[in-house]
Amino acid sequence: MSTDVNVKLDALPGLDPNAMPLQVKDLHVEFRTRNGIAHAVNGVSFDLRPGETRAILGESGCGKSVTAQAIMGILDSPPGFITGGEILYRGVDLLKLPEAQRRKVRANRIAMIFQDALSALNPVFTVGFQLGELFRKHRGMSRKDGKARAVELLDLVKIPAAKQRVNDYPHQFSGGMRQRVMIAMALALDPEVLIADEPTTALDVTVQAQIMSLLAELQRERNMSLVLITHDMGVVADVADRISVMYAGRVIEEAPVDDIYASPAHPYTKGLLESIPRLDLKGQELSAIKGLPPALTNIPKGCAFNPRCRYAQDVCRQDPAPPLYQVSPVRTAACHFWKEVKGDV
Amino acid sequence: MSDLTSAGTAIGGAPVGAEGPVPDAPATGGKERSASLWADARRQLVRDPVFMLAFVYVLVVGSMAAFPTLWTSQDPRNCSTDRSRLAPSGDHPFGFNILGCDYYSHAIYGARPSIVIAIMATGAIVVVGGALGLLAGYYGGWVDTIISRLMDIFFSLPFLLGAIVFLTVIKRQNILTIALVLFLLSWPTIARIIRGSVISSKDLDYVHAAKAVGASNGRIMWRHILPNAIAPMLVYATIVLGAFVAAEATLTFLGVGLQPPEESWGIMISDHQVYFLEDPWLLLFPCGLLVGTVLSFILMGDALRDALDPKFR
Amino acid sequence: MRGKFLKVAVAATATAMLATACSGGGNDSDDAAGQAGGELRVYAAEPAFLLPSAGDDEPSIYVIRQLYRGLVKYNAETGAPENDLAESITSDDQKTWTIKIKSGYTFDNGEPVNADAFIRSWNYAAYGPNAQNNSYFMKRIAGIKDVSSEDPDGEGPKKAPEPKAKELSGLKKVDDQTFTVELSEPFSGFPTTVGYSGFFPMAQACVDAADKCNETPIGNGPYKIEGSWQHNVAINLVRSDTWKGEAGKPDKITYRIFADVDAGYAAFQAGELDVMYTLPPARYKEAKATYGDRLYEQPGDNFTYVGMPIYMPEFKDKRVRQALSLAIDRQSIIDAVFDGRFTPATGYIAPSFQGARENVCTYCKKDVEKAKQLLQEAGGWPAGKKLQLWANAGAGHDKWLQAVGDQIKAALGIDYELKVNLQFAEYLETADSKKFTGPFRLGWGPDYPYLETYLGPLYSTGADSNNSTFSNPEFDSLLQQGGSAKSIDEAIPFYQKAEDILVEELPVIPMWWGKVGAVYGENVDKFVWNAVSDADYGATSLKQN
Amino acid sequence: MGRYVIRRLLQFIPTVLGTMFLLHYMTSLAIQFSGNPVRALFGDRTPPPALLEAVTERLGYADPCLDQRGNPCFGLFFDRVADVFLRFDFGINLRQREVTELVADAIPFTLKLLVIAMVFEAVVGIAAGVWAGLRGGSFADNLVKISTVFVISVPIFVLGVVVREFVGVKFGNVLRDQAWIPEVISNGMFSPGFKPDYPFASLIIPGMVLGAVSLATTARLTRTSIMENIRADYVRTARAKGLANKRVIGVHTLRNSLIPVITFLGVDIGAAMAGAVVTETIFNVPGIGRLVTLSARTGESSVVIGVVTMLVLVVLVANLLVDILYAVLDPRIRYE
């Protein structure tokens, strides 16, 4: 695989090879629209160790994809603006880097896989072109060499007849194959951090499993750190080391995966877990969370979850929002009543 | 869909409250999740100052066409060559034309033919073009073949050339024939829009469901398929209204439009365009009215499309 | 739209055949005739044909006149015919004319211009199956009936049989330079007519391949074509070496062809043209202000009238016709609609013609009181009936007709409606079949430079263009007497008496006479307008530096 | 693809024949109802019947069916179709010139005009659309939005006449007074109309007027298309790949955004050809549009039928090419 050394990247000011591959500190993102300001991300923090898999869990619209885009630096701006916080790659604050250097970090050091590979791949270029482009633009390779590398990559992600298929267009691949292409694209430049945004949501269950195991395999081989963004608790359980649960732009619970499954400390997490259909509870009504997530332009006072929460008291309806309580040395939860929630099975 | 899109949708959903949006910025949001497409579109349009301005202008012009006496008490046919091309004055804000007729009342009465032609032609293309498009799309097969070839014939006739040929041949150039020719040359576009829309919606599940419960073809077309096609048709019809107003003027310039003593903006413009160096107001007044009307229809069409097409939110 | 057909007018003086040898002439009578040389760029419309036998419209004749020359030409100032290629044109009985041709003239291809050249050309024009527009002008020559195909059933176009004869029996060659022309009836004005371009000679090579000759004319005049006719773009003429007469002034004449007179005027303003023989009506005032002396104006001979459908009961009474005519203020319409570009008509004969008199028509000026009185005497206008005013579509006539209607409405209280939908062809058929239901607009250009051209074809009983169906035995007999008079001078009083009948009966309401308005550029030294054949580009000289 | 093209070509046959019949019937009706167009050749002067008849016969308007109102004249139609397709004979006009010759004369001018118009509208329209689209909501965007809508609303003949008088005459005269400006600019390009001395330069401004309306549409279309695509997932992917902004826009966004624009430009050839009628009249360009207009007015059915049929064919072929191009540009489109 790629052993090229990107000289320029090593020259990043303040790069500390021993620092964590990724650290997000108190990130704030807002969308400024004509109808007001939408607070999409409100103080998200997490970190990622080498080889670790962190899952970010939450419903649609909770700000998890926005967080990912902010890390990648591909937020649509306007309307999106990062209003606060730091995103550190090995100690370097990416937000302070000039665009040219920031661009080098993308794909080289931090890469991303998108949810819907069909729309995320450019429909009018061949897969080979889109893969080879990376080598041509980042590594200065010729068109021919780029293509040769593209074939290798397709082989790597186990696409049969890679030599022929490299000339195909994205729509000519099946959903699973397309997602493999996406993965190949993300891995092309051998990044240290991979952000996978709902990588399997659009796929059949059987294919989902194949893709997840492929990802896990590649991650292990390369000792890559993985940020897995998903709303699927089942996927998380299999692969994640740690979980951050997001609600209305905030991390409301952060814990090792086993702890969360054993005893969620936030009513929202609890609700999510309960909404997984379980074979052993066949026949019972599925207890989903009532209501809808709030509009980000109009987040409720206090705890954002309070209108939907069965534990909610007056204190939850007043500012400030509940802080992150240290539930255990390795986990936190933003609920005034985490003890009750945790104890209540 | 990524989260951003849903976030975007959610953004629009916030109740705006007393302050409302910034007044001079066109509102593009304003959706409540429960609201239907149409109610939602209406709300958005009402808040759009550009749309409202255009709408008011169209209303004004419409009232000129419908009730010219509301706007002027002068008789446009009261002419005297002694007053030829007198400049605008207090009593006669637009002055006099070359035959010495009051130009303001001319302009007011001139709205009617322009508007009537546009409305008649648009109505016809919507009804006939819509019906043919619906039939072609729904039944397919030989019905589609015949209608499609017919569409090809009229569609491939370059618009102005076709109009010139037809109108010189018809020879009787009045409101009816001009509307007819505009209709003849424009219906294929709307038929294509509808046909495409019908073909894409005819395989939708609820249409199969309706068929399964034994709904008649007519009912399926009317109740289940047509509503899907209404939005693009409406947008197109609005824009084409403006295009027809302009087309009337252009045909008149080419000598195949309305003939005097009929009064229309087209006649006023093409009669007086040669004087625009000497007496520019003779061209500017009717041209301004016409451009305003066309502009309004286009802007309304744009706003409608933005309102009806979720893609543009 | 073709309004004016022939550009042949007549001498204003009586010196017809006695003209001096001096030709050319110009605006000023200085004999410094301007220097030769340079390229003259002129405005033109697309000609219909460049064959003398076929071209009968203004744009064609403007070009043909420089490419070809005929038996006579017209004096630039007086319009008097002067022998050009003819040595002499004589007759004893006004019926058989003997024509002698100067020797030594040739066509561009070397063929001689002799008696055959004229006989050939006139025969070609007259022969029915050739379908040449100018066969119309051969109708006075004996034998014309035999060379046109008869309409077998009088029912209009059907497959026509071959004509009886191939050549006009009236044309006889005497020797190489002499031939005789026998007319069907005596006509003293014959020599004045042969200066019309339809009577110009044609080379054998031209008649043999008429289509080709139309594109690349083989002329006999002072200019020859450079290349060939670039349709709708340009026609370039250069001085011909074979021409033996007085040479043309410019080295080159470039006719730039325009479809729209406004576009042509724009080109003139931009300095792309040296001469523009006509002006867009709306730009007249502006041109006058901008170009001052370089706007050339002269009275013209094109007659615009409003015909009266005498076949309708409402128009039978001459007092009604007189009342309508009295209701119209011609000058005011001319000023409003045409920027003063016409001269109000006060008679039936063009003021520039020999024999024309001023103010013969007493009903041709506005007098509302008298109009009302006459209408009342005639029993008034049928209540509620609208006066239908007819004009052909697309030629801008509707506007002035509307003004006429407005004035009649104001003066006599007769409301009107316009019938201006018919295209010209249909309009003319309506005229031919006398189906107009009210006053109708029509025009008339002179066929030949003789006042009779304004009388006989339009008002004599049963004449082709008598669309009013006017019929007056006294008028007819006066015309006959004029036709067989010994000389022009003797004929004129008869024609004037005939005009007196018209101004009383008003078979048509005279409206106005056209006015020539040409502009020329700063580099034009002397602009020559021929009283008969209009702008003479060959005689117009450019400033030489 | 091959079979698709053949099928489309076969579909041309009924369309072309239908168009021809339509035109044939219209012009026949015109003659049946409003009389022999040949009569107008003689103007105010009533021609002798023999002459009228001879000319009528020669020009081919003598068929008896043209006297029967409403008769579709099938015989005449089949003759004409046979003439056109078997002998490539489109007939003659009232002045006895071959229609093919008329077209051959006129087509180079219209073609030049079209090329200038298309290049102008494509280059400037796309540039303006991209500029506006990338800066949605900004001043540039609003400028483009408003000016394009305005251009669309002004009748093209008003635009043409104003341009001719102010740019060609007034401004051109100012230029012509400046000795240092090259002739080709002052006399050629800023001529108030077509000029044979500068057959290309003098068509630039008329071409721009012709292209103006479509330019506005092109700009609007590009703008919308860019705005749609700039938010597309694959553009985000391209960014995530660390590509330079220039490449993200220039390659990944533009390629997709231009597909509808190019389709429009192809279809617009037909519209531009029709628009040329007005432009050619105002700027005195001896092209196809003027030919058809004049012929329609004088009732020259052979010219109208011949030329309009040719134009229809051009439009059909252009549409087919657009559809093929569409498949080339967008690999998702496949024709069976």
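Note that the chains take the letters A, B, C and D in the order they are written out, and that residue 1 is the start of every chain.
As a working rule, a residue touches a chain if its C-beta (ideal position, glycine included) is under 8 Å from a C-beta of that chain, and two chains touch if they have at least 3 such contacts.
Just so you know, these numbers come straight off a predicted model, no measurement behind them.
Peer 1: Looking at every pair of chains, which two share the most C-beta contact pairs?
Peer 2: C-D
Peer 1: So which chain ends up in the middle if you average the CA atoms?
Peer 2: D
Peer 1: Among the chains here, which has the CA centroid at the largest distance from subunit D's centroid?
Peer 2: Farthest from subunit D by mean C-alpha position: A.
Peer 1: Would you mind pulling out the distance in Å between where the CA atoms of subunit B average out and where those of subunit C do?
Peer 2: Centre separation, subunit B to subunit C: 49 Å.
Peer 1: Just the number, please: Cα centre separation of subunit B and subunit D in whole Å.
Peer 2: Each chain reduced to its C-alpha mean, subunit B and subunit D end up 23 Å apart.
Peer 1: What whole-Å value do you get for the distance between subunit A and subunit D if each is reduced to the mean of its CA atoms?
Peer 2: 53
Peer 1: Using mean C-alpha positions as chain centres, tell me how far subunit A is from subunit C in Å, no decimals.
Peer 2: The separation of the two C-alpha centroids amounts to 91 Å.
Peer 1: At which residue positions does subunit B touch at least two other chains?
Peer 2: 2, 168, 171, 255, 277
Peer 1: Can you tell me which residues of subunit C touch two or more of the remaining chains?
Peer 2: 262, 394, 422-423, 426
Peer 1: Residues touching two or more other chains, restricted to subunit A: which are they?
Peer 2: 69, 76, 114, 116
Peer 1: So in the complex, which bits of subunit C are touching subunit B?
Peer 2: That would be residues 262, 280-283, 285-286, 329, 332-333, 335-337, 393-394, 398-399, 402-403, 406-407, 410, 417-418, 420-423, 426 of subunit C.
Peer 1: Taking the touch rule as given, give the residues of subunit B at its contact with subunit D in the complex, in rising order.
Peer 2: Touching subunit D from subunit B are residues 2, 149-150, 152-153, 156-162, 164-166, 168-171, 242, 246, 249-250, 253-255, 269-270, 273, 276-277, 283, 287, 290-292, 294-295, 298-299, 302, 311-312.
Peer 1: Of all residues in subunit D, which touch subunit B in the complex?
Peer 2: Answer in residue numbers: 11, 14-15, 18-19, 22-23, 26-27, 29-30, 33-34, 149-150, 152-158, 161-162, 165, 224, 228, 233, 270-271, 273-275, 277-278, 281, 289, 292-293, 296-297, 299, 304, 308, 311-312, 315-316, 319.
Peer 1: Give every residue of subunit B touching subunit C within the complex, in rising order.
Peer 2: Those in contact with subunit C are residues 77, 79-82, 84-85, 98-100, 168, 171-174, 255-256, 259-261, 271, 274-275, 277-278.
Peer 1: List the residues on subunit C that touch subunit D in their complex, please.
Peer 2: Per the touch definition, subunit C meets subunit D at residues 2-3, 5, 48-49, 128-131, 133, 135-136, 139, 148-151, 154, 156-160, 211, 230-234, 256-260, 262-264, 266-267, 269-272, 394, 422-426, 428-429, 431-432, 442-445, 447, 457, 464-465.
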